[in-house]
Amino acid sequence: MIAFIAEPHPGIVCWIHWLNRVRTSMTNKLTNKLRFGLIGTGRIGPVHAETLAFRVPEAQLVAIADPRTEVAQKLADRCNNPRIINTGEELIADPNIDAVVICSPTDMHADMVVAAAKAGKHIFCEKPVSLSLKEIDRAIAAVEAAGVKLQVGFNRRFDSNFLRVRQAVESGEIGTPNLFHIVSRDPFPPPLTYLRPSGGIFLDMMVHDFDMSRFLMGEEVDEIYATGAVMIDPGFAKEDDFDTAVAILRFKSGAIGTIDNSRKSTFGYDQRVEILGSKGKIAADNRYANQVVVSGEKCVYQDLPYNFFMQRYTDSFTAEVQAFTKAVLEDKPTPVTGADSRMPVVMALAAGKSVKEHRPVKLSEITA
Amino acid sequence: MIAFIAEPHPGIVCWIHWLNRVRTSMTNKLTNKLRFGLIGTGRIGPVHAETLAFRVPEAQLVAIADPRTEVAQKLADRCNNPRIINTGEELIADPNIDAVVICSPTDMHADMVVAAAKAGKHIFCEKPVSLSLKEIDRAIAAVEAAGVKLQVGFNRRFDSNFLRVRQAVESGEIGTPNLFHIVSRDPFPPPLTYLRPSGGIFLDMMVHDFDMSRFLMGEEVDEIYATGAVMIDPGFAKEDDFDTAVAILRFKSGAIGTIDNSRKSTFGYDQRVEILGSKGKIAADNRYANQVVVSGEKCVYQDLPYNFFMQRYTDSFTAEVQAFTKAVLEDKPTPVTGADSRMPVVMALAAGKSVKEHRPVKLSEITA
Amino acid sequence: MIAFIAEPHPGIVCWIHWLNRVRTSMTNKLTNKLRFGLIGTGRIGPVHAETLAFRVPEAQLVAIADPRTEVAQKLADRCNNPRIINTGEELIADPNIDAVVICSPTDMHADMVVAAAKAGKHIFCEKPVSLSLKEIDRAIAAVEAAGVKLQVGFNRRFDSNFLRVRQAVESGEIGTPNLFHIVSRDPFPPPLTYLRPSGGIFLDMMVHDFDMSRFLMGEEVDEIYATGAVMIDPGFAKEDDFDTAVAILRFKSGAIGTIDNSRKSTFGYDQRVEILGSKGKIAADNRYANQVVVSGEKCVYQDLPYNFFMQRYTDSFTAEVQAFTKAVLEDKPTPVTGADSRMPVVMALAAGKSVKEHRPVKLSEITA
Amino acid sequence: MIAFIAEPHPGIVCWIHWLNRVRTSMTNKLTNKLRFGLIGTGRIGPVHAETLAFRVPEAQLVAIADPRTEVAQKLADRCNNPRIINTGEELIADPNIDAVVICSPTDMHADMVVAAAKAGKHIFCEKPVSLSLKEIDRAIAAVEAAGVKLQVGFNRRFDSNFLRVRQAVESGEIGTPNLFHIVSRDPFPPPLTYLRPSGGIFLDMMVHDFDMSRFLMGEEVDEIYATGAVMIDPGFAKEDDFDTAVAILRFKSGAIGTIDNSRKSTFGYDQRVEILGSKGKIAADNRYANQVVVSGEKCVYQDLPYNFFMQRYTDSFTAEVQAFTKAVLEDKPTPVTGADSRMPVVMALAAGKSVKEHRPVKLSEITA
């Protein structure tokens, strides 16, 4: 079963109102703050630290764990001075912490989740929990055994655009969804050394679109056909990876759709979706820093869309942590469960198998 | 080899100017009009009749052939009174006719092309020349043997939007094209009885997008994977057809892309393309009757896009006949050749085979 | 009283359909064609000649009058060979002509209208009938005495955008109109020698917007305050004219609005309107040759809008002549009457007086 | 002289980057925080309190003054527990406060500014400082005598849209500005009791657009003609006010422009500007919570724009306080000075006089 936002986006109502509702309901009902420990201060760690320190009144950032003490201290200075701890293990052991945010390197995620679960902490874990289904299953089992809450960082589900699309599908605004197209393109390729550890384009990049496809369509995929190309940098081929990839998804209802990915869209981050339903079409465009149009002597132009995920998804990074905090404090299900973190990996593995065997692959073929 | 518009759309210049250039160059150079006979007055015949009568000064519509005399007479009354002839054969035999426009039912196209070629007439033939490669090859051979000109009615190539996209690819405006997506959706499904004779969704509908993909990308496809679904009307399944279909195309350069088709987009005709290149992205949107936006109490809205091909492609139906007239009068290659009419059928057959055998199919597998 | 389009644009329906309806109704009901004579082959004459020859099946262009025989002959060659006549007077005297289209220089309009009316011809006269109210009144009186039909060439009323706005106001779609803004900007200034004979920016340029304001709001103006500036070319000041001008209009209902004009918008013809009503806002944007957007390395851009009135208003030039032909053949009121041609001149004179006396001026102050 | 943003928005760069630059530069250079006291917790007070508590790391909110202790306490609970003080006077007297944010009712602003200046506090004062020029002058004189910094809350100057427009004018991107249009419309009218104390539509509403006009054009106005209407609620007439108003502004350079205001735009907050320059046009549109477009059965639609200033200007409320904090800490001029707060009031008084005397009024006529 797919878990969606507990409190759906009702009708044509703006995102801000929704956030205000979340916030107000929290402010009114709760007296104690949720005490957070943050593990890892790499790329996404500081984003979550700032969110906890400045944007979730019900949260309190009490500790940051990172062996690089200097980096951690700088972040702590900025974020109301939580304690600095050397390792995630120590942080997890701290009895004054209610919940952990795991932002360490991917290969440590599953172990951290298991350790935190055993210590009775609620867990917000960055995606992916693991590239191995076995590891994911181990983590989920530990969470379930401990009875703690787990939310995985598929932040795009909290973007006001994609939430609006989801709401249209859920409410029947566009009828039964028949056909979709998801575009996901990075502004520039990562360093080639990043590729192998990342698991390649399907596990590292298209995995987000696999999650989006399930979230937006509200049902599960039956079969995937995928293919890739090396169009941007021949170095990708040496790493046994693609810089450009497309896939066809067939859902259990019979609905079909396509996804396209590129590691390089020179004009900025390109993240769009479109769904055709029996009663209409819904399409979410990119987001821009301003709404200014210049009519010049040669063309009519506007500034480029947001450059990358930090700009584009600023609000959704905040919203996912607010939603997690709310879920824990009000003892409700988190909006992105362990199961939600497992299925996109199954899909990415199916896509990889499809490429390798040059044929469509059923998800039921992916057993581990 | 793919034939493109002889005179490319130079830089950021509007369509009107291009048409005016075509028109002016013709007006200046020619003294004799090209005498046309039109065969068939069904759906598209009257469009071409009006174009010849009213919108191409260098053309003269001298005869219309249709066994349904009454219908033909009504059309003749409107279009400066060309002669009414009972059969296409008689019209082809008329020595006062220089060129024929073949708008008869599809299964007669190849025979008509062969007959017209043997009679030394230049030929504008509605698409497809045939659903059988053998028949297409027979028609092309006859045209080549006779040394006459043949243009096939892939009118979308003359749409100002798609021309602009083609020009961007050709001029390097977006760099090397790496990835594309083509959307082609009809406003409502045809009657179920239409389906079998049409050859099904790949030969009847996606065939246009296959043509577009070659035209816009400027290169040939190597392999196709296609799949379909019945989401709109279960009657499609009974006819062994799909109402919804998607395909992945792999080009010889390695570039990849997707096409999606639906027989029902409730909001009107949905015909868009997008290409991602190494230097940027180009996207062509739908066309609207007006540019009016209303901000109401519940939403911000505009009128629907053009409902179907007659409205959307009005100008391109005119432009293709102007281009054919110009090609004949100036003895230059036509912009859509016999070879251009053959390859999309190869692609549609490959798509059909892909669905049947549930695997990607190379175009080289389609031998007849 | 203001005359509007006899057959209003019903609901959210596209322009093409409306045209088709007009065309169909004519085709079905009429057997005789309306025989037209065209006087003057300057800038707009050839447009009307082509419309009559190619785009109104119920019209027949039988004669063209212009003393410049060579120019007239070239146009005749293109337009199905109407007769060439030396003067407008001779053409008006021709008993085989039912209706005249007056495209001679402005200072001859009123005399031509009077002569044509006396000869019993129906009259389509380019705007303005005259810059002098006395002359306009003389022309209107002659038309009324003769019982012929007069339509004045305020073609913008037939633009699908402005028609859609008018329809929204008329149908109550935006409630009661309270506030409006009209933008009208030429791509480049005319030669300075053009200015004095034209009557200056208010009589030559803003006069169209005065017409639009009455047409769109559906009521009469009570008072105008106008001011101008010379921002583009100091030569305008020497001609006692402005290249930039704005006005505030107060309608009899109390509604208010602004107009702005510039003789130079480097990016093309800029013709937009916006009306705020008690239930919503409606805004008509410019028109573009294509709907293509390029996302490049520095900005997101599209081609410029249509460059000038010939491109932007192509369809409305056709539609106004179709509407006139229909009005005459079906003996119904023309959609732009003599009175409609008078009031914008009153408004332009009021604007000029406002500038001269540096104060708001009531239209009732303009008596001749 | 008009004060602009010290650090201009350089080229086509997104707002986020600019903010990050501001933030980073502060973080790097400063060690001490600026200690703030907030006076007044009405509508805008809580916004500034949250900004100080959560979004400006260099700021510390140490005290809140409001006689309504309960309201103040609730806000303090939310904002890291600053002290609650009964009156503004007491707060101003507190030696541990470096700067005050004055959000009390308008008629107390000038006295507060004077008192704070005398106490040596830096001052961020909500607009307007006063509706009386004499009072504004008194406040400015006190600020200058004390040598403290004053910034007035014209937050719209910090909106990413208007900043981008200003940057285009300043950099010459659109050439010399010749013509402009400013639209400013509230979603719904205030209670009628609000009107008289507010000073009416010109002092309460159009005053912001007067500020925008100076800011965006970068020069001073010479003359204003204004007029108003009561179109929404007859109650406005009883209060001797308008609910709809327009004005023509003439700048010292000769450039001209129009402003329109309405107290009711049913679709939400409507805040747009457009400037035509010698090299192009720039236009800023409204802001939307999402970029989703739905193509339905009757129209193509999107959700309404942000409903009111709290949503639309969220970021600019933050940015102005960040800019003030930076100006004080780095001892640089504030971006909106006392003089900037005076001139829009002069303009509003001129507009009022124009309406009363039914004639254009020079700003030089407004002496006190």
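Should a chain be cited, it is by its letter among A, B, C and D, assigned in written order, with residues numbered from 1 in that chain.
Here is the rule we use: a contact is a pair of C-beta atoms (placed from the backbone, for glycine too) under 8 Å apart; a residue touches a chain by one contact, two chains touch by 3 or more.
What you see is a predicted model, and the numbers here were worked out from it, not measured in a lab.
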Touch-network distance, chain A to chain C, counted in steps: 1
Chain whose mean Cα position lies farthest from chain C: A
Inter-chain centre distance, chain B versus chain D - centres from mean C-alpha coordinates, in Å: 57
Geometric centre distance via CA averages, chain C-chain B, whole Å: 37
Between chain B and chain A, distance of the C-alpha-averaged centres to the nearest whole Å: 43
Residue list for chain B, restricted to those that touch at least two other chains: 12, 265-267, 270, 279-281, 295-299, 303-304
Contacting residues of chain D [partner chain A, same complex]: 12, 14-16, 27, 54-55, 57, 78, 160-161, 163-165, 168, 173-174, 279-287, 289-297, 303-304, 306-307, 311, 314
Contacting residues of chain A [partner chain C, same complex]: 265-268, 270, 295-305
Chain A residues within the chain B interface of the complex: 12, 176, 178-179, 181, 183, 185, 225, 227-232, 244-248, 250, 254-258, 260, 262, 264-267, 270, 276, 278-281, 298-299, 358-360
